[in-house]
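Order of writing sets the chain letters: A, B, C and D. Residues in each chain are counted from 1.
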């Protein structure tokens, strides 16, 4: 019999027992072990050189990252700290009839429960204040928070959430943005229209442009909802002090404006709020507005103890912002040489349940939609609409990846139809120094042509197929 | 409650834990070793990667009790008082980490790889990192940093630690 | 996680005694990569978790008179590193290699992969194609059964509450049988199978025809299944692209894929067809290269 | 069979908010030994903002990156900043930092002028020295001047400044206006293999040429580009939040929400396009967001090149690609006049 397995005992048990018996090693976990770190400061050359600009200087936080010593919020523990958890609605559109927190409050280890009705000003948002901190009367999407718990352990907080009973009366819901634009569609925020912002960019004479075109192409493009997936979930630690000031260590990319929102929801003077932006474990636009900060501040106020809240990965998906799905209709007229003469674009953005950064996304998408091309006749109209889905907000590119997918796909369609090389058709159309943008702006420092040529050179585009 | 005893970063640690405590919670909450992160808590992201008996594992998918009698190495155990681990050095020089949250896990995966395969191919490095999600870097500079360490060590010049035991056949 | 007790079994005997004592209240913990995920989201946790993760008598991979025996505690990494598996069943190495990522393979066991019994398991198809036998034991005794009977439904096996899986045996007659495993997922790393296929066959060196072809399909039915019609059709047929493509078509018809958020049933059928033909081609290529080696 | 294709996509992207004010403030304190401390209200979210801002301050003071310590992200202590959003930190906060450092320089020049026997406007900072322009032989160590300013003249070298990009509101009817002060440009070219029997797309390599104005730190710029491409690959091929008929997410976890792993990454070749924006700090613009803008478009164009089908909705999953291959090319595309 052949045996290819050598079973070894995991650890020499005898040695281990001896080790355990030695008093010196009988250290209890209360004794925090010294964490070794290099005490000698080796500074890479790249950080010591002048001039500083242009150096491949190492990051000021790089060494701590590699040593595992960067303190993210979940790594911070304050004495007496409690753990908060938020109950999520799980229904997309409903009236909240009743929230019964009594069973949760009675649980040993539960120190406080909070509902939406206890939030001094229960609304926030960077453009429109259409988002409740915790839903109180109505649920707008399934990831809405409806109650929160602070408990001595995270597990107790989680189990307490199960004991909170919320009674809902279902309301009609709408999930498709194009459906939501119809007059007959259920209103997400009645009595307001589901179309909550529009934007237009118009230049030249579109009809004449199309009339003068040798060829006109049309295509619809769509994109999906995407999550930022920062590796560190949203996290906040709140501590209310005896002077009535609250300090929030939080994963927020824009603390000054965040503080304004927090002050508004808590109905407090701005100078009573201190927001500390720790090193944030990834943002990509997803951590650009407040989420649970007011909840934790109020739980800390209620309990007189520091309270920490860290989103679960699930909450990260269902209750933080996401990337806007787009429906994009492109119509482009070109001359025989592939020079774009006219372009009409219609954009419909799925805003989800709240505005969040939709206005900004709408604006940027609308302006950028024609692409980096000289087009005399342009008309872009863009709409963003409410649906009863996870709210969409800022995400790396604010609508630009969506429209770029459309205008660049469209460009290749045109190139293929006219038998022009994709690089060549772009070179015939792109902006140059002094070009006029679709909003009439004279552009400076324009290097799109250089970027095309540089990338083509690096790729070996002109050498032909690999 | 379970009484457990394990070698953590070379030092014997004895503790009492609730049986359902994961190794990750134990390291973070009882030993204050917060280098291993909670990124998903279900073994998808790898931010909690530590090395147990020579093998990279997700500390969130192991009970502390299961590590009883074993040898656990965390990111805190790599550097000495005097020196960064070569991987930590290379990651710093290459700016291989951005937000840094995935970093400790990535470096532990890389260490486990290099202990086993001192001169890995790019494919082998990518395979070793596939359990460590990163959203910032595209993994590109991590791979370069790991290659740097492998090259600078040179074939056979590094004494590899004894192979581990978990599931080893 | 909700509170539960853990008892450690240092070997199979202890584990069986604990299972007998606790019965349905108990749950076995080996690799834990599935169990702990389940327990974290479970509304109810078992009263007792019997930890066999250090019962090293269960970890072996060895050649016995019956065939290749893989102990219940052999991890995917152990399978991948085993010289025996690498020599005789490289397809099993490929299958284990596609499970999760390094971290999950270092903890997770091949047996656990079978016991969790999700239809998309990667360990199932090659073992089923290689006609593996599993040994189940309780304090009352042992029984053996073909792997196909062990799979009962999604997340459901033939294991009784007081039973544990002791080992997996690939019969001696299949040692070195040319076998290929192919998996199609939604990405390359940490992928779950949309479809996975194992094909195993001898090739008659003179007639260049398939002998004892075995095709197993994952993620396309409530459990991992064989494709008996395709196998029967292929028996004795020449190893040509046309015959392999036809076998793929037949296999696609035998599957009962569902549409879910990962893929439609129709697409899964397309994949079965393509992957089956490709796996058969790889198995045939293995047979050819083995022949070259021996003739040299 | 695997078919190879290549696709190109270029883009433009603005820096800063759309019309709306998005100011940054900064304070630079030159310490008595010639090192400096920078206070900024922005937050490090992984992009390397603090390193880059430190480099900008260092450049303005003629000292090294290491000589500047950056304090950030505390509303009690650091000055107002609009934050880590809209690819604005290098450009907007960077301009504030540069101006703040120049304010501190003014004090140092005032103090150093008499010490060197020249007018303050004849001085410049370089290599940790204050020196006479075009006559570097006459100089004083920065630390000596900073100490003198603080301890003798009673004028510690502290400078504060704010900056907000100038914009012109857009006409509500036509959208005409100047919504941004500057834009960046980029091109990415993707090479893919498409399996025409399964629809699987493998991205082989991506060449990326990005404009960021002056690259304050080329290594960090590369890092942004590589990371942005990873996110773009997810957008192009893999990622999608799915909902059930009740509006609940189906895949809110990292098992079923498919994002790129290391094994899904192509080879990436980065070029930083030579560019200088006179309105940015030392010619810099920004790079954070645009890195993931053209990736999906380039990949989708490469798929089209490989198998002749146009996927019009993202993500281009293998299933979608195969369905399009089966349906044949030219679907959905409307050409209104004859080619």
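In the analysis below, a residue touches a chain if its C-beta (ideal position, glycine included) is under 8 Å from a C-beta of that chain, and two chains touch if they have at least 3 such contacts.
Since the model is a prediction, treat every value here as computed from it, not as a measurement.
When every chain is reduced to the mean of its C-alpha atoms, the one closest to the centre of the whole protein set is A.
Work out the mean CA point of chain B and of chain C, and you get 29 Å between them.
Chain B and chain D have Cα centroids separated by 31 Å. Centre-to-centre spacing of chain A and chain C amounts to 40 Å, using the average Cα coordinate of each chain.
Per-chain Cα centroids separate chain C from chain D by 48 Å. Within chain C, the positions touching two or more other chains are listed as 1-2, 54, 59-61, 82, 101, 188-190. Looking at chain A, residues 4-5, 8-10, 58-59, 61, 229, 279-284, 313 sit in touch with two or more other chains.
Among the residues of chain B, those in touch with two or more other chains are 40-42, 44-45, 69, 95, 98-101, 126-127, 130-136, 166, 168-169.
Taken as a graph of touching chains, this assembly is fully connected, with contact between every pair of chains.
By the touch rule above, chain B contacts chain C in their complex via residues 2, 18-20, 22, 41-44, 46, 49, 55-58, 60-63, 65-66, 68-69, 109, 112-113, 126-128, 130-132, 166-169. Contacts from chain C toward chain D in the complex involve residues 101, 184, 186-190, 192, 261-264, 267, 270-271, 274-275.
Residues of chain B that touch chain A in their complex: 5, 7-9, 11-15, 28-42, 44-45, 47, 53, 69-71, 74-84, 87-89, 91-93, 95, 97-104, 107, 133-136, 165-166, 168-169.
Chain C contributes residues 1-2, 43, 54, 56-57, 59-65, 71, 82-84 to its touches with chain A in the complex. Contact residues of chain A toward chain C in the complex are 1-5, 7-10, 155, 159, 162.
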